[in-house]
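Quick notes on the structure that follows.
We just call them A, B and C in the order they show up, numbering each chain from 1.
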Amino acid sequence: MRTLTKKNLLILGSILLTFALVQVLVLVGILDSFYEITIATICINIILAVSLNLVTGFTGQFSLGHAGFMSIGAYVCAIISMRIGTVGGFLLGLLAGALAATVVGILIGIPTLRLKGDYLAIATLGMAEIIRVVFLNLEITNGAAGLNGIPRYANWLWLYFFTVMAIVIINNFLKSSPGRACIAIREDEIAAESMGINTTKYKVIAFAVGAFFAGLAGGLYASYFYFLKPDLFGFMKSVDILVIVVLGGLGSLTGSVIAAILLGLITTFLQSFTAVRMIVYAVLLVVIMIFRPQGLMGSKEINDLLKFRFGKKEEKIE
Amino acid sequence: MPLLKVDKLTKSFGGLTAVSNVSIDINKGELVGLIGPNGAGKTTLFNLLTGVYVPSSGSIALKKNAATIELGGKKPYHVTKEGLARTFQNIRLFKDLTVMDNVRIAMHQNVKYGLVSAFLHFNKYHKEEDELKAEAERLLEIFHLSHKKMELARNLPYGEQRHLEIARALATKPSLLLLDEPAAGMNPYETAALTEIIGWIRNEFGLTILLIEHDMSLVMKICERIYVLDYGMLIASGEPNKIKKNKRVIEAYLGEDVSNA
Amino acid sequence: MDQFLQQIVNGISLGSIYALIALGYTMIYGIIKLINFAHGDIYMIGAYIGFAVTTYTNLGFFPALIIAMAGCTVLGVTIEKIAYRPLRNASRIAVLITAIGMSFFLEYTMMFFVGAEVRSYPMILSKKTFNFGDILINIQQIYIVLTAVALMILLQFIVHKTKTGKAMRAVSVDKEAAQLMGINVNTTISFTFAIGSAFAGAAGVLVGIYYNSIDPLMGMMPGLKAFVAAVFGGIGNIPGAMIGGLGIGIMETLISGYGNSMYRDAAVFALLIIILIVKPTGLLGKNTREKV
């Protein structure tokens, strides 16, 4: 690994600085527990959004079933950590949940990813509904009543760690040959296949990676909010995640992060008005699609903007 | 045995036979032209060779090292892996990606590092990515595109887009290159430049080339042999000079009425 | 055997409602290739209009049905004009996301005004039942099936015997060519939304009567299921939507009757995924392929 380049040090520095800043604000008491919940929600939503963006924004496979993978991670992590009540159990649960979501993602992806556009969207929606109905009927998940009293190990430190990890890994992936293969599929599937890319394979890989992180986010959710029920992971949740991705820009990780923070704040302020919040969401979706279909960031990332700002002469190839 | 041996290849769509009983041989190092009037089945033949369509009958055999590989019915990415690369009649670049990325994507099948390196950017990743970049730059240099490597493909002028498509096809390291109307829409000056490049890359990369073209100046100038297709059937083959004088070819192109008059 | 026939009878009445909603989906998909997610919510609004008309006035079934259909027609055409028309040349994903947005907008605007609680529908049809052997058929079921059949016959007439119907078919095959032939594409699309939404409105009133309860989120599930019905029959195909609707209705009642009703919804979606994978064009759909 080329760990000690100037750029990497800069990134590492800003990651630590952000962490320290929030930590100080919490310690001083400016951020009380109410805002801590907001921050936790934002972290979880960032993981969900960047992973969905990989599937929908970068690989071009429209999925409406992300909440399904999240629920798998959540339930697996909850069930394991309720039986092994240690930090180790929590981490094991997270990993197992993410892997379970990956396996389901692969199993579902292989047949459905042959479908295109809105057909795929509707198939993934159906799949997430099936997963929800299964959780509603299983004994181990306690049906519609859900699971209560899940040990709470996820805290701000863990959430931040996993959020950064998700962003870094997905960003790394996108700047690699398999990642470029995924982007090529979005651009032109027929041309991609003619350039030697096994399109089915890479769609499934993108789907699996997306499912892994959705599962991870689910596990963190279960542990932080210590309560689960199947209805949390319905169609509505999938759309919630989609709104973040679309608002930020399909194909921009930076956009997903910004949108997750923005919507997290909006949600906090509209907490007690569910209907109003959903109307705001709905209007946002329609207005963005009509007036700025590329979202806040388009497909630009933060370094594109910085480059523009400082007018760098030498174009660096990532 | 020739590099590519197409034997009695047929493709029907419902009742329509688009390619009928076509047999073609292409030897290593040759530059072969495929011509014919509009709708003669040229692009369909390309699509059969590259795996976009599955043949109704017949075989497509490619010689690779000592072995012979049957390509008929294989998926496009598989065919590319065996050493066939193509361009498209209606240019199918990755329009919203940079020139550089277009070429690097096509190098995909020769990349050796795995998924874990891709996630974590191990040394293996950096080493190979550096090589990739250097190789892509070399290819772009040939097509005079290196100064535009960070531009989006969609912003290139038409002629350069055609060049980039050829560069992208070459990046897959093919033994046989299929060009579908590479000079379509070009002016005579651009066509002349393209003719030169095609000849040059053939020697430089030791390529075998099959090209579909309507521009006869290009075909007659560089092709060593020509196959003529009409209504899905092979009606003539041979050297350019012979094809020029072939009665059936003239009929096919001009219509019987003219030749009878 | 009797129980089986009874389930079939119940399935047909539920299926006719699905078929009515599915028709709107399939016509709209046929003409602008959009899965109109808001369609299920138009049906919800139809149910509320029917509820308001019968509760606050003394009008009966048919006036309520017609007013609901009229209201939904206006709503459907307006939504198309405001939200979908500006995106006529945008990517299909963009329009689909807009449709999801519209769906949520209708659901939560409704919730904002009428509250989230479930309301019971006024009894506008008697609950009188007829016995045929051991099979029970009530007046409501007869009304539902007859209304659905009448509307479907009307639709067949419009699509195949009128000039507007011809225009609809032309636009669904090729928008540009239709325009060159002097067909006003926007008017035709509006008309399609009008018919589709009117049918959804009718289905809303019928379902209110059938289940005797309505709420702002009631459109979600039946909307999705009707979409499954449309896909099952072959999306874009009108007879396909009718067959699909009846098929899904009967399948659901059979699963509820014999199996575990909890898995009813899962079964519908499993069916959807199987169709999409095995025969994505549905029972009566046609195949298309991208040209290289």
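In this text, a contact is a pair of C-beta atoms (placed from the backbone, for glycine too) under 8 Å apart; a residue touches a chain by one contact, two chains touch by 3 or more.
Just so it is clear, the model here is predicted, and its values are computed rather than measured.
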Can you name the chain that lies farthest from chain C, using the mean of each chain's Cα atoms as its centre?
-> B
Chain whose Cα mean lies nearest the overall Cα mean | A
Let me have the rounded angstrom distance from the C-alpha centre of chain A over to the C-alpha centre of chain C, please.
-> 33
Taking each chain's mean CA coordinate, chain A and chain B are separated, in whole Å, by 41
Whole-Å gap between the CA centroids of chain B and chain C = 49
Where chain C touches two or more other chains at once, by residue number = 292
For chain A, what residues touch not just one other chain but two or more?
-> 190
Residue ranges of chain B touching at least 2 other chains are 52, 88
In the complex, chain C residues that touch chain A | 33-35, 83, 86-87, 90-98, 100-105, 107-109, 111-112, 116, 220, 224, 227-228, 231, 260, 262-263, 265-266, 269-270, 272-273, 276-277, 280, 290, 292
So, in the complex, the side of chain A touching chain B is made of residues 1-2, 169, 172-173, 175-181, 183-184, 187-188, 190-199, 205, 299, 315, 317
Which of the residues in chain A end up touching chain C in this complex?
-> 62, 111-112, 114-115, 117-119, 121-123, 125-127, 129-130, 133-134, 136-137, 190, 235, 239, 242, 246, 274-276, 278-279, 281-286, 289-290, 293
Touching chain A in the complex: which residues of chain B?
-> 50, 52, 75-77, 80-81, 85-86, 88, 92-97, 100-101, 104-109, 111, 113, 115, 117-123, 125-126, 129, 132-133, 149-150, 168-169, 171-172
